[in-house]
Structure formats: C-alpha cells, structure tokens
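Take a look at the structure below.
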Amino acid sequence: MITAMEEALKKGKEVLHLGKVATYIPELGRANPNALAIASCTLDGQITQTGDVGTRASIQSISKIASLALAISELGEEEVFSKVGVDPTADPFNSIMRLEMRKPHRPQNPLINAGAIVVLSILPYPDSTSRYLAVLDLVRKLCGNSEIVANEKVYLSEKATSDRNRSLAYFLRSVGAMDGDIEDILDSYFHQCGIECTVKDLAVMGATLANDGINPITQEKVLSPRVCRLIRALMATCGLYDGSGEFAVRVGIPAKSGVGGGIVAAVPGKLGLATLGPALDNKGNSVGGIEAMEYLSEKLKLRVL
Amino acid sequence: MITAMEEALKKGKEVLHLGKVATYIPELGRANPNALAIASCTLDGQITQTGDVGTRASIQSISKIASLALAISELGEEEVFSKVGVDPTADPFNSIMRLEMRKPHRPQNPLINAGAIVVLSILPYPDSTSRYLAVLDLVRKLCGNSEIVANEKVYLSEKATSDRNRSLAYFLRSVGAMDGDIEDILDSYFHQCGIECTVKDLAVMGATLANDGINPITQEKVLSPRVCRLIRALMATCGLYDGSGEFAVRVGIPAKSGVGGGIVAAVPGKLGLATLGPALDNKGNSVGGIEAMEYLSEKLKLRVL
Amino acid sequence: MITAMEEALKKGKEVLHLGKVATYIPELGRANPNALAIASCTLDGQITQTGDVGTRASIQSISKIASLALAISELGEEEVFSKVGVDPTADPFNSIMRLEMRKPHRPQNPLINAGAIVVLSILPYPDSTSRYLAVLDLVRKLCGNSEIVANEKVYLSEKATSDRNRSLAYFLRSVGAMDGDIEDILDSYFHQCGIECTVKDLAVMGATLANDGINPITQEKVLSPRVCRLIRALMATCGLYDGSGEFAVRVGIPAKSGVGGGIVAAVPGKLGLATLGPALDNKGNSVGGIEAMEYLSEKLKLRVL
Amino acid sequence: MITAMEEALKKGKEVLHLGKVATYIPELGRANPNALAIASCTLDGQITQTGDVGTRASIQSISKIASLALAISELGEEEVFSKVGVDPTADPFNSIMRLEMRKPHRPQNPLINAGAIVVLSILPYPDSTSRYLAVLDLVRKLCGNSEIVANEKVYLSEKATSDRNRSLAYFLRSVGAMDGDIEDILDSYFHQCGIECTVKDLAVMGATLANDGINPITQEKVLSPRVCRLIRALMATCGLYDGSGEFAVRVGIPAKSGVGGGIVAAVPGKLGLATLGPALDNKGNSVGGIEAMEYLSEKLKLRVL
C-alpha cells in the first residue's frame, strides 16, 4: 500500500504546476500550491499516509456530504428530495441559470451550491450556530476526530465575499424553493465550508462512508447503510462538479472534492481514500489529487465502475 | 438467483401500469406494455431468466454503447473525446439548447443523441450500410448471438419520423461539430437503434461489459478492459438520460436504457443483468425494469456505489 | 380630444376584468382593480383627463426612465452604455438566466430590473438617500409637480419582499457587472419605485419626453433632446417588458409601463399620453391602459411606427 | 436632399473598413466590400440616389417582410400570429436555444429565421415554386419593378450550405410548430433570400411601406395600411437582428436589414430610405448603411422615436 501511495504521490506532484489555488475566496489564495498528501483507511482501521500529511485545509464542498447526510438522517429521504433533485449536472457549481429554467425551480442535486443551501435551510435547527454545530459534530464523527474545528479566517473571508451564493439563496427564496433567514442560513454554509481537516481525517471519512456508516476507527455507527449508499451514488455522479464525468472515467470511485484542495473517496466495502492538494484545475478540483487517485485506482484495482 | 428474479419480476409487474410505451416512433407504440422479462448472466456463463423471455425489442439507445465502443476501439480515446465530452447531464436525451450554449459546441457525452450521432460520423466506414454492419457485428459479439438483426419496421418508422435527430445533426454540422453526409449518418443511427434483442441477449451484453470485454458465453475477447471501464463509467453517470441520478441512488449499478424498453446493467467482475419491459416512465426508462433492478440490487447485494 | 378619451376610457374599462393587480409586492395588492384614468398633455401645455383621475399609484418601473436619464445626463452615454446594453429582450423583467449566458455579463438594457439596478449603482451620489432624492427631483421636474413623493408603505413593502432583485444585484456584483453596497443601492431602487403619481403627472412626463426635454407646463429644460431621443428609442423597443413587441404593433408609440398600473407614452413633437389602471395582464402591463392607448392611437392618428 | 445624401455617403464610406462581407454563404463572399449606395423615395414619387447605385445585391432577410406581408394579407393576422410571436429578441438571427426554452415552441417573431420559415410554411401555395413566385411578385410590386429576379448563384449557394436553417426547420417540425415538406419550404426560403435589388428598388419598397401600402411610383395599392403598420412596428423592434436596439437609438426609424448588405427604412407618411453596402458589422448589418442612415436621420429630422 505505502509503495503504491508513494508512487501516486510522485505522479500527483508532477502535475501540480498545471493547477492553481482557488482565489475567489481571498483566504484560500494563501494555500501552498506545492502541497500534496495522500491517505487511506481500510475498513479494519489501518491508516497509511504520505506526502505533506501535516497540511490542513478547509473542506469546503466536502462539507455538503455531511449536511446532506444530517438532513436525510433527521428528516428522511422523502422530505429532503422533495426540495432538491438527484440529477447529475455538467453545469459549474455556482450556476444560476438552471434554477430559472427548471420548473419547479428545484436545485438539480444537493452537491451543487444551490442544493446544499436548500438542504441547510430545512435542517431542524433554530439558528446558524446550532445548525453549524450539528454539521461539525457529524464531520467529527465521520472522521473520528473530535478536535476538528473551522478555520475562522477562511469562514469569515468566505462570508465577506460570497456574492454568488447570496444571489443563489435570494433566487431560491424568490421562487419558493427555500424559506428562512438568508444570512442565517448562509452563515452556517460558510462556517461548515471552513471546517479544517487533514488528509488523514478525510481518509477516515471516506472509510466510514465505504463501511456503510460505521467509523472503522471509533466503531461508532455514524450513519445508516442506506444514507451511505445514497451519498456514494451522488458522489459518483456529481461529486466533482463539472469534472464528475471525467473522474468517473479516469478513477471510477465515488468521491467528493472541495475547492480547499481535498478529495474524499469511498470504495464500498473496502477502503477510504483521500488526497489533499490545493492546486486546482479549471473545474475547481485538485489536479494532483485526481492524478494520484487515478494511479491508485489502477494500481490497487479499486475501481467500482 | 431464480427466486430473487421471480420476486423482482413480481415487483416490476406491479408498477407497469405507471408507465406507457414510447409513441414518438409510431412502430414502438405497438409494443406490449404488460410485458416484462429479466435475465442475468454470470461471468462463468450461467444464464437465468424469467418473465416474458420471448419478447424481442429494439435496443434503441443501448446501441450507443456499441457504436461508442467501436469508435474508441478503432480510433482511440483521444480522437473520440476530442469530438464529444464525458459530462453527465440532466437534460432530456434530445435537447439542443446545450449545444448552442456550450463553446465549443461539443455534445456533452456520447450517450445523448447528439453525442451518439457525432460518434457515428467519425467511424471509419464509407457509408451507412458498412457503418451499420460494423455496429451490428459488435452487438452480436457482445451478446454472443449471431442471429441478431434489426427490425426493419422500427428502423424505417424511426427514419421517417425523426425530425429532432435531423435537427440535431444539421445543427452539429452547422457549428463544425461534425462533418459528413447527414442522411447517410442518420440512416446508420436509425438502423442501429432498430436492432432487436431478447432480454437474454442483453444480459450477455452486460456480462461481457462486466467481464472487461470477454464474452462469458463465447469466450471471445470483444473489447479491451479499458474500453469496458470507460463505457461502464459513462453508463453509471449518464446511462438513463435524465433519470441517471435517480438510478444511481436506487440501483447503484452502471446501466444503459433504451426507449424500446430494455435496460442492460454490468456489475463489474460479477454479473450481467438485463430487463426488458416497454412501459416507460416520463424520462424514457422502463418502469418495471428499474423496479426489478432495484429489488435485485438490494437482494443480491449487487450495488457498486 | 376629450370625446376620444372618453371613448378610450370606455374601451379600457371593458377589459379590466381580464387583468388583476400585482401581488408580488403585498402593498400593491391593495390597489383598486376597477380604476382607470387617462390623461394627455399637448406640447403647448393643454391637459385633458378623464376617468378615475384622483387615483395615485406608485410609478414602479417608470422610474427607470428617470434614473437612466439622470445617469446619462451626469455621466454621459459612453459611460452608461459601457455598463448596460440597449438590446430589446423578450425575457420577463426579472430574468437572471440571460445575465449568466451573456459574456460579458452586462444587462441587456436599462429598462429590465438588472439594468436599472446597474444604472443606479453608477450614479455619482454618496448614499441611498441622496441618490433617491436626485431621482425624485428629476421625476418632479419631468412631471412639473414639486409635491410628488413616494408612498412609504409601498417602498417598505417592496424593500421587505424583493428577494429576486437582491438575487439579481448579488449576481451582478459577483460577475463584476456592478460595484457598491447592495442594500444601499437597492434601497434607492425600492424607494424610487414607490414614487406616487397621478395620471396627469404621467401625461406631463410623457409630454416633456415628447418635447425633447422641455416641460410644456413649467417651460423648464429638464433633459437634453439627445437624452430624450435615447429614452424614447428604448421605450419603443423594450418599454413594456415582454409585451413591448405587441404594444409596438397595437399602439406604435414609445411608452413605459410600471406594475403599479401606469403607462407613460411620448408622441415625439406632439403629445404626452398616460393611463393609470392597476389591473395588469400576465406580462405586468395595465390591460385597460393598453386598450385605451390602442384606441387613442388609432383615433387620433398618433402612431409613429 | 442630394447634398445630405452625399454627405451621408461620405460618412458611410469612412467606416466601411470596419466591416466585412458575409461569408457563411460562399457566393455572398464575392460582394464588393467597398461599395455603398444610398437612395430615397418620397411619397410623391421623387427618387434621389447617390454612390454605387448600379450595385445589385440579394435582399436576404429583407425578403422576410414580403413573405410576412403576403401571409397576413392572405391568412389574416390571427392565423399568422398564432404560429409566430411579435416579441423583440436580442438573440442572434439563427439561434435555436430559445425555441427549445419557450413553451409553446413558437418562434419569437417573424423576422428571425425560425419565424420566417414558419411563415412560409403556412402560405397557401402548393409548392416551393408557386410560393416563391408569390413572394417575388409582392417584392416587385413593393419596389415597382417587374424586372426583379433572384440571383441563381446566391440562391443555390445558400441552398447548398444552410445547415443551420435545416436544423431550425426540423426542430420546428419536431415540436409541432410547423408542418409540411422541409426541403420544399426551405427551397422557397433560399430562393426569396436570393432576390436581387438595387438601392433604388429598396427605397421604393420603403416608400410603399411608409405610404401605408400604396406604391408612390406605380400608385398601386400593394398592401393594406394595417399590414404596413404591423410590418413597421416589427421593423422598429426587431428589424436589425440583435442590432435592433442600437439602431433604434442611433437612427430611430423602422428598418429591415439583410446580410446581402441592404437596409430598407420607412419613415411613415414621409419617405422611403435605403442603403446598400455589403460590408457588415458583427451582427450582420451594413456598417456603412447604418452610419449613413444615422447621419440622414439627424440631418433631415427623420426620426420617429
């Protein structure tokens, strides 16, 4: 395992120069574009990692998995999917056009920004803080790490600059796709996006999802098998924004990326896999991470597709 | 296996009344909406089937798998995917809008009509007949059945009524996304859509794709492992038109549907699975087929996602 | 004149039952759907009016004419039209899709909401109040009525419910089409929409525009001839939202409507004409007003197209 | 008049280098980009012309006026406008996206290609030739010139290369917006686009439209006043493709352009005006023609907006 991972790291490092760190949130622009780390966690709890394993990064869109899982666990599938679809999309993550074209104006899926915001809006918590803390708690359980917190600078930087997300949220409320206090809902969205993890944390999260909801480190039953399957299906079809199709072809494993540079992947019944590398391709996915995952998927025969 | 399949058949039959047969091609409207058949083929060649197993139906969009596999095998991935994307889409199968919006005007993926037509246009055959025969030959090999032919009535009915596909093709040529003789290219498209299979044929096709290209009945090496993976990845993300996301959630297996009522699914390394039932949901997928596959996926633990 | 106007009023009253008052702003829903008034103002200052002439209504989108005229007068055409186009559109007034599709993301014209918001954002005033007061001042001069003020209830009702306009504004800022403090800019937008006029006020406004900028009542030179021509051209091509084409065919005079129920029309070199009737058609234009204007245009040979 | 026209010609010639001749139809690419001619025709029949007055060019989209006028005259407004809208549009002339988005799928207006094709499809003539001859006859009457014929090379060149129009036509039929034999309908479309006129012919056409349908040269009553008004209203709002808004602002007269380089304008009750110059701007309108018309409109106070 470690040999394959070191080879994968080398492959990934070779393409880092093709990417660049996210700049639309000022604070993200300070990340190190040369960093890359890889970790795996087997379902019996063995963790292997290599590269810049000390790097922490905000999980950004990876947090959408947690808030979605929380929503389904608390409200049920029917309620959640009456508000948001499960349709793959080749639109960029922050596209608004589709929302206007679709009737009813329901976000295509819960992994695009509009969908994630709607999911947060229906969570049964009274305010931004309690909503955020519930998501944070689930992230910690998925990762088996109770020390995880958000990076306040990233959170506040995002909150200060997120015109597009505000536009999406106001649009959604204007067409009846969502209710509630926009700034309060967005505050928890920005906050959960700022949650910081290491590559090891992400690998454990992947393993928990691969293990039908039982954290292989803590043995805690974090999610139901059904919720995990659902999350994995969405990861497979729309986990990497408009790069989802290419990832399915190249890597063939359910995964979710974030613009902080993380990718978490779940090989059902087998393994959690994660990469962390802030240099992104033009679709917002870690260039080195995808390269490394492609190598590992082939080498270790991890493809499920 | 047979017990599970009979239960699945029962489940599927119960929802047939929710669907209706395709009518946009007059000849398809004559199919029996009450028919439903299920078949599986293991990688050691064991075939099990139940229901209306004598039913034949045109494979329609399932043929896109064959023409794509043929194109990649003959021209290479790079050539093919310079003309057509691998992006999932939640647009209906015959949408034209996207083509105009995207720059360059490249079809999103080879499984929507526009993409399939472009793929046919680049196949290195001199005319409609030779192009069609090459696809037919591959379908026969995938299914291990050299008796397979097209239903002439369906083919001609489709050719006579396919304004939308003509519109797509002329649009594609007008924006430089495709060259060649439109009617000649479309003729082979309509012809391959009319190829008729039984549910058993489709199950063997699924098994060949699941078996990395080696037909488990004939032992012939029909496709390379790499082509099979690529096809399976596309099936998983966009194999059921705008119902692909829901299918991934409910069934979790790479599959491709056709408006003739067939669905072919490939569980990598394990099994080919197929259903045939002409009653379709509003997205053009077999209602009974999806229901039966969902049951079998759960019962036999076939999910890969 | 008065006879023709009374006949026009009768015609207009007959169709009022086909419309309904705007409800998307709660306060607008309290308007009287049975009210209809008509007024004209010749270029030598003769005013004729009939119907429910005591009715006041908020001018809503008619205010866009004033803020645009102000912007061009203060900043010049070049500056204004580098930020907003002059393209007619058949999109609804609050559509956002176009903004995403167009590159650069410039609103099509200054009479749709997005365009009007951008225009306000570039006005050289330090805050919402001073910006609003400048627009109010111009409206008063156009109408020759220094008593005109906004209806505070309408203004605040609009401010409290305008999710779509907030969505548009945040979108515009997110794509660099606009700078500034969103709530501050929108506050002046909502405020100017709430300015209340009588039908007579609107007729004088029309006459001032028809008279190349000289108010025929006060003799004040309010706008330059060139600004008036430009405004009239925009009124002719996109003054009635997606009903502009039909209005050009039926009435053939440059005009601007508002969802408060007003329509102001300018027959260049001849006449200002206005109607006020809160019952709207499904495009947001006064049903009775259009009917009456069509009658008058024909009867008094006012068409310019 | 002649002095103003000579000045206008000079102005127009100065900007010809900014344009280029249409190349999407090969035969059009052979036009002389340096040619420019201007003509006017008063309602008492006085013709003035200057510049390259011997130049002939195919009228292209200007022919849409004739086929629309023919359709309304023969079928009535209600019938025609049940098939095609009167909505201005800022889309390019050959856009297909809108057709898919609009429900019902009715072309926005009769001056975009899709709308013109639908109009031809409902004309009560048995075949392409009789349909074309009826349009040709009307063009001759509008221009008062019975010698007018089509340029066969342009017609056939267009017929051989018009993938986009075929795409539009098949799309329209596929959604039920149009019936009939596609190639037969398109043949008359290509044929009428190829009709060749001089600038004088176009000026007389403009004068006939300005004169409510009575040709000021032949005194023949060619169209009803109502049809002329309707045509002029459409010219004002969507006569110059996506350059219609800018033309309304700069020139302020109802006009229709064609990619052959012609522009015909109608000042109601006053004058017909035409320019002919094959160098086009990026929206497909004659650069020199627009410049000259702007000058004349200002100089001779011809604006109606």
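Note that the chains take the letters A, B, C and D in the order they are written out, and that residue 1 is the start of every chain.
In this section, contacts are C-beta pairs under 8 Å (C-beta built on N, C-alpha and C of every residue); 3 or more make two chains touch, one makes a residue touch a chain.
Bear in mind the structure is a predicted one, so any value in this text is a computation, not a measurement.
S.K.: Both chain B and chain D are touched by which chains?
M.R.: Common neighbours, chain B/chain D: none found.
S.K.: Which angle of rotation, from 0 to 180°, maps the CA atoms of chain A onto the equivalent atoms of chain D, to the nearest 5?
M.R.: Rotating chain A by 180 degrees superposes it on chain D.
S.K.: As a test of understanding: of all chains, whose mean C-alpha position lies farthest from that of chain C?
M.R.: Most remote chain from chain C, centroid-wise, comes out as B.
S.K.: Centre to centre, by mean C-alpha position, how many angstrom separate chain B and chain C?
M.R.: 55
S.K.: Round to the nearest whole Å and give the separation of the Cα centres of chain A and chain C.
M.R.: Roughly 47 Å, centre to centre.
S.K.: Where the CA atoms of chain A average out and where those of chain B average out, how many Å apart are those spots?
M.R.: Those two chain centres are 31 Å apart.
S.K.: Return the residues of chain B touching two or more other chains; collapse runs of consecutive numbers into ranges.
M.R.: 101
S.K.: Under the stated touch criterion, can you name all the chain pairs that qualify?
M.R.: Going through each pair of chains, those in contact are A-B, A-C, B-D, C-D.
S.K.: Using the touch definition up top, name the residues of chain B that touch chain A in the complex.
M.R.: Contact set of chain B toward chain A: 85-90, 108-109, 229-230, 232-234, 236-238, 242, 244-246, 248-249, 252, 254, 268, 303-305.
S.K.: Can you name the residues of chain B that touch chain D in the complex?
M.R.: So the residues of chain B in touch with chain D come to 95-97, 100-101, 163-164, 166-171, 173-174, 182.
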